[in-house]
Structures are given as structure tokens and as C-alpha cells.
Amino acid sequence: MINKVFHTAAEAVADVFNGATVMISGFGEAGSPVELIHALVDRGARNLTIVSNNAGSGHVGLAALIENRQVSKIICSFPRTLISVVFPELYRSGGIELELVPQGTLAERIRAGGAGIPAFYTRTSVGTPLAEGKEEREFGNQHFVMEKAIQADFALVKCQTADRYGNLVYNKTARNFGPVMCMAAKTTIVQAKKIVEPGEIDPECVVTPGIFVKRVVEISNPADESKLVAEERRYPWK
Amino acid sequence: MEIKDKVGWSVSEMAQNVARDIPDGSYVNLGIGMPEMVAGFIPEGREVIYHTENGLLGMGAVAFPGTEDPELVNAGKKYVTAIPGAAYFHHADSFAMIRGGHIDICVLGAYQISEEGDLANWSTGEADDIPAVGGAMDLVAGVETIFVITKHTTKTGEPKIIKDCTYPLTGKNVVSCIYTDLAIIDVKDKKLVVRKLAPGVSFEELQQQTGAVLYPNP
Amino acid sequence: MINKVFHTAAEAVADVFNGATVMISGFGEAGSPVELIHALVDRGARNLTIVSNNAGSGHVGLAALIENRQVSKIICSFPRTLISVVFPELYRSGGIELELVPQGTLAERIRAGGAGIPAFYTRTSVGTPLAEGKEEREFGNQHFVMEKAIQADFALVKCQTADRYGNLVYNKTARNFGPVMCMAAKTTIVQAKKIVEPGEIDPECVVTPGIFVKRVVEISNPADESKLVAEERRYPWK
Amino acid sequence: MEIKDKVGWSVSEMAQNVARDIPDGSYVNLGIGMPEMVAGFIPEGREVIYHTENGLLGMGAVAFPGTEDPELVNAGKKYVTAIPGAAYFHHADSFAMIRGGHIDICVLGAYQISEEGDLANWSTGEADDIPAVGGAMDLVAGVETIFVITKHTTKTGEPKIIKDCTYPLTGKNVVSCIYTDLAIIDVKDKKLVVRKLAPGVSFEELQQQTGAVLYPNP
């Protein structure tokens, strides 16, 4: 029987290795798999390359992972947020590498990684500093840059509901990068608010079919990241 | 003029000027900050659908205090709502809408705009600046009509509309129209054409506060 | 008020012009917009380029459009079916041009057309006759061909339920090419079994957001194509 | 051998041979025709998920007469069913699964297979042939493990396994294993290695009916 359910976040991330590339879903706190990230902090894998839209807030979640010096590089569209202190400090001191990618190009490069497309062309960034070093090419008298696929060893993703096959549905705008990251990682690890029986998710409404998911773990009461940030909490909890 | 001492438009009036130029039935993406105000001024009788690039078409008003859902946010990470008839989708689908030219109008803020419609709005290029681009480059590359809403000059009185941008570009030749507190300026054939002057502002005064050549509306 | 509802199929296709490129959804009969195609037969626009996975069965739907000599070229992955007579005859007599495209490449080229991607690379067809004339390129020691986006003037699509904004959901495997074709056409025209009020379609389950759709028309009892074929019916009805 | 006159495997036995090589938990795409039979022979205790490229993961059995839904079909346009836990998706998403390497095994028929694992199964290349490729090229390019199930020779007794394919290729170096009525043959390092002979078939007889050099299992 196919059963992708793991009992704890710790077990689900137990094989994330030093030097791995790890995609992390979320747009700010919406869709950020805080419990899986904290399990990765506990796991202690270092020298990670993180692919994520943002770079974390406060001292929890992705910010905690960075603060714990486990991240050597981040591929990201918007590492600056109102309450981000960890990444900016480390970046200014040269302690972390940043590859800045326009948000839509980031999403499409990840989808390409999952869809067997090694490269594609886009108008985005043409004529800007972010096009430097990229191949340019004309199609129909318009200029485009070539962008390459991004793949990862692991993806950590948060969703609303999952089943043992790994079928997923998300909640509102927390969907964001989850579906494409599930496609682009060798091992996709998902935290779901609820795990249900196969068939309980309408097959017309499945957003991520189970084929893209290796492990699901139920986290029924995920942390409210903005609350933790407001309370100035730090992970590991003190 | 009734109010003798009034010079220029208020921020609300600027938003109203933008809103007036958004046709019925448009699909619109509003940037973070001043652009978000535009939604409040759409003339009666027009229906406009708002896209927020983090994955929602049919964005509604900001959420009432107490009803906020941390998983329903806009691109500025504000808690918002969704209208009946909304749709959620993932980031690749959302930026397919943008890159594929399906959004009619995008309203953005600006650090600088050049006389040819180049836009700089993501980085000051300073050494200790943490670079962060988000969806700005995708929007200016993919959306046909880019409206910029901005104060005419910086806080220190420097012109924001200049011959060539000195900050890193978001996109080249992308701006269609600039809505400032002093004027509405169309970018036509790589020229800045003043469509309308704000109350109490003369063409000459406007030119003085602008770092590029302006043309009167022919 | 935004209201994309048209009252008849005839009105919905009234501006399809001679020489237009028209995408037609469906995988065999599943998802084929038979009533819209028949309205296009009535409309009589000629010299059309059709983008569709198949080339029609019997003498109805797409086969009727071809038989009526309105199609000069078809971009297609599988023009041969058990009960197809119209296309094979016309093709053998040189009366219609065929661009044969692998099915997944066809779907991805259409998606690219809708997503602002002028070209992408794929391994599919490398080393085969269908790679002839295409640019080849290596990424990571593997060979790929460059494939270009397909766009259209019109798309004719069948769905299950729509609302006045053009939000769509499909039925089972009738979904197939509908969603990507909606994205890639200037004017997407949809026949829905049912038109409902905005909000009746769960926003989490919308498959095609309304932004991709220009017109919807309710066809509550669409033809069962295989039945028409079995009965040897011909369109225009005799 | 108990049944003295039995030579070779039946079609059911061929399907059974393939099924035995499909591990528990595999995601499998079955081509049209003989490959479809494989689903009936998966050994007990294994759960296999079937993908059909027209947009369904979790395809179930063929629909019972009277329960057919013309909008629920497989790649061969047969009326099928869906299991609890199935998912529907559009063609671009479906072929992302294929091209992206997410399908573990694909079972296909063949016109010809070369000794290096080239496959020809979409066109005879004849002048009046209506070319039709469907998803075959996407499948062989995207799926890591391609199993071919086919009669060892054509209806007229010509070998289908040959040094070089004469028909237009579907893909180069793509076949992992060939399951015929006479043998199971692995393609290893561009060599044809006979893993198992069917009842009543000798290596020499097999070689006679094959247009390429065979190697015994070392």
C-alpha cells in the first residue's frame, strides 16, 4: 500500500544532508512550513542552498534557519521585509550569498525544473542589471533573456489537506510557490493541517497530484508566524 | 480657481486621476503603497477585477480588523478579502497572467522615470542596500499599460522625472503615463507630453521641477 | 458590470475571420466544443489554421469543419482515429497541410503562448524526424530541441460550469487542452453546460480564471459526438 | 516441461512478465493496446498508480457497460474509471509529469527496437501513412524506464528486434527491457542481454528470430 504519511516533522526531514538545495514554500508567512523548517534547524544540516521567495522575518522559521548559520546561499526575489533583521545583517557581513531573481522568473524556473524544461526565454529583466550575464535573444523583434530551470534535493511545503497518496489542496493565497516546488524537488516533504482518506479530496480540485509528493506529516495547529515575530520569539525556543 | 492657495493634487486626487483612466472591465494589478489607493476611486458603474501576483484574481477590500486571515494576503502582505467570483492559483499561473499580457493595467510607484519611459522602482543601488525585486520586473515586462503614481519630486525636492534614470532599471520604455501631484504626463513616442496640469501649476513651473524636456498637449 | 455571457453560439463566433488561427479543445470527443464548431461551420470562415490534438471523427464537429473546406492547415498530434475519414482523404489528396507535434510539446507550446514565453527546450523528439529543422542545444550533456510558442486568434473550448466573469471548471478528462488554450488565444470562446452566479464556483477549485476568457455561452445539452458518429450524421444536418 | 507442445508465452503471460517487474508504489503509464493488459496482472500486495496522459492520475479499471462517461477516457479513448484518491489535470500539467521524470515506468508497444534500445512505434514511414505521434515521443523522452511489450516478430515472421530501426524513430536509447512471447531481453550498456527464455525456446532459436546480436545473461 502506498502510504506517504510520516508521524513527525523530525522523521520527515531526517535525511536532509549538508550541502543540499532546499526549496521552501511561502509568500511571507502565508504558506511557510514553519514546523518543517524548525525540524530542519533541529536536524542541523549545514551549507544549504535555499530557494524561497523571502528570507524570513524575526527569529523564527526561515530566519531561524539562517540565524543558525545553516544557509550558505539563498535564491530569492524579495529578501527584505519590514521585520527582517537576520538576513540583512548576515548579507552585509558577507556571511550569505544571494541570487536575486524576479518573482515570476523564480516561479517559472522552478516549474521548468519540475516539467523537464532546462531553459526558457522571458522578457522579464531585459535591459536591467538582473539580465547581466544572461544570454539574450530576439524573437519577433522583441528581446528576451534565457532563464534556466531550478531543481532541488528537497522541498518543504505547507498545505491545507493531504491524503496518503500525497494529493494536496492549499488554503487561499498560501498556495503560492507550493505546487511548483512540489514538482521540482527530488524529495518533497509536506506539512498538512489535516490528513484525510483517499477520495475525500475532490479529484477535480486536487492542486498537487500525489506523484509530486514523497512525504506528508500532519501539523494540525501550525504556528502563526506573525504572532511569533510580534512576540519576539526565537527558535530554538528559549 | 475657488481655493486660491491650493497648489497641486492631494494623494487622493492623484489616485482619483489614475482611477478615471481605468476602463470598465479592466484587469488591474496595483503595486504596494500609493497604488493600492486607486481601488477606492473607481468611478461608479465600472467593474474592475484586481489581480494580486501572489495568487488571487478578484481581490476585494482590505480585511476588517478581527476578520484577518494570515493565509489571505496581497502582494504587500496586507490582509485582504476575495470577491464572489474570485480564483486562487499558484505563482507560476499567476505570473503567466502577467508575462502573457493578460493584465490590462498595472499601477506602480517609482523612484525615477526617464523621458523615454524607463522605470526605476526597486533599488537605489546603494552599497548597503539589500536588493529586493519581487514582481516589479515581471509586471513592467508583461503588462501592456503601466501607470506610475508618484510625487513629482523626492522628499528633498529633486526631480524624479529625469532624462536618464541613475538608479538600476526595472524596465526600459515601459511607462505609459505618470500621475504626480503636479500633472498627468503621457509617455508618447519616447516623449513626455503633459496631458493635464494640477490646480495652481503652470507648465513652466512643472518644467522647472522636472529633469527632462516636457511637451505641451498638442 | 462584467458580463461575458453570449446568448447563442452563432453570436459568440460571429467575428471569426478568414485566415484566423483557431484552437479547439478536446481529446477525441472528450472536451470537444461541437456546438461552437458547428456554429463556425455556419459562419463559414475559410482558410483557417486549426490547433487541436485530433482531426475529428465521422462527419461532425471538427471533421465537418474540415469537410466543409474551411481548414487549410492543422497543427495536431494525432490526426488518425478509428473513424476518421475526412482528414485522411483530404491530406492524401494534398488539400490540407499538417504540422505534426508531439502531444506534450503541443500542450507546452500552447501554454508558452499564453504565458509570455516565446520558446523553451525539451528532450522530446530529439533524434527523431520531428526534430528536423529545429535548433538543438545541450544542457548538462543532454540534448534538447527548441520549441516555439503557439498563439491563436480564437480558442473554442468546452467546459462544465462557467460564471459571467469567465471562470471555468471542467469535467474529468474533458479538461485536457481547455485550460492552456484559454490562455493562448486573443479571444477565447467557451461553451459551458451551465452558467452559474459568481461565487458558486469555489475559488479554490476554479481551473481557468476568468481573465483568460472573453465569451461564454450556455449549451446545456451538448451533442454526444460518438453517438452522432455512430449514427453517421453529417453537419450541416440533412 | 509439462506441456510438451507449448512454445513461447501467451499474451497474458507476457503481460504477467511485465507486471512482475513493476515495483510496489510505482507510477506507471500504459500505452494503448497490449500494454493496457499489464494492469490486470500486478502481483497481490503491490499498489500501482496509473497515469493516463490525457489528464488523470489514479486511473481505475475500464468502465462497466452502461456506466461509461464520454468525458472519462484514457489515452486510447476507452471509457475508464478513477480510483478514490485520483486527480484530474490539464495536458500541460500531465506532460510536465512525463517530461519532468515523475512517471517511474512506461509500457509501450513497438514496431521495431534496435540493439541500442532505439524505439520505433509511431509511423511505418510509408508514403500514404497518415502520420500520428500522440504522446509516444514525450513518454520515451521523459520516463526513465521504458518497457516494451511486443510479439517477437511481425505477422509475416520478420524480426522486430534489429540492428538499426528502419522505421522513423520515437526515441534513441530509450528502451530498458523488451518483453516478447519468446523472451525477456534487457537493454544493458547498448547490448541486448537475454534475461529469460520462454518455455520451449532455446537461445539459438531466439537468436534466429532476432535481427541483432543477443547476449546470454552473464
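The first chain written gets the first letter, and so on, giving A, B, C and D; residue counts start at 1 in each chain.
The rule we apply is simple: contacts are C-beta pairs under 8 Å (C-beta built on N, C-alpha and C of every residue); 3 or more make two chains touch, one makes a residue touch a chain.
Please read these numbers as outputs of a predicted model, since none were measured by experiment.
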Could you run down the chains that neighbour chain B and chain D together? A, C
Please report the minimal path length, in steps, between chain B and chain C on the chain touch graph. 1
Could you let me know which interface, A-D or C-D, is made of more C-beta pairs in contact? C-D
Centroid spacing, where centroids are CA-atom means, of chain A and chain B in whole angstrom: 29
If you average the CA atoms of chain A and of chain C, how many Å lie between those two points? 35
Can you tell me which residues of chain D touch two or more of the remaining chains? 82, 88-89, 95-96, 98-99, 141-142
Mind pulling the chain C residues that touch 2 or more other chains? 108, 111, 115-117, 122-123, 170-172, 204, 207
Pairwise chain contacts, counting only pairs that touch as defined: A-B, A-C, A-D, B-C, C-D
The residues of chain C that touch chain A in their complex are 108, 112, 115-123, 139-140, 142, 144, 148, 169-172, 202, 204-205, 207
In their shared complex, chain C is touched by residues of chain D numbered 52-56, 69-74, 77, 82, 88-92, 94-96, 98-99, 118, 128, 130-138, 141-142, 168-172
Within the complex, which stretch of chain B touches chain C? 24-25, 27, 47, 49, 51, 57-58, 82-89, 93, 95-103, 141-142
Considering only the defined contacts, which chain C positions touch chain D in the complex? 27-31, 53, 77-81, 87-88, 91-92, 98, 100-108, 110-111, 122-130, 170-180, 207, 224-226
Within their complex, state which residues of chain C touch chain B. 1-2, 111, 113-117, 163-165, 167, 183, 197-199, 201, 203-204, 206, 209-212
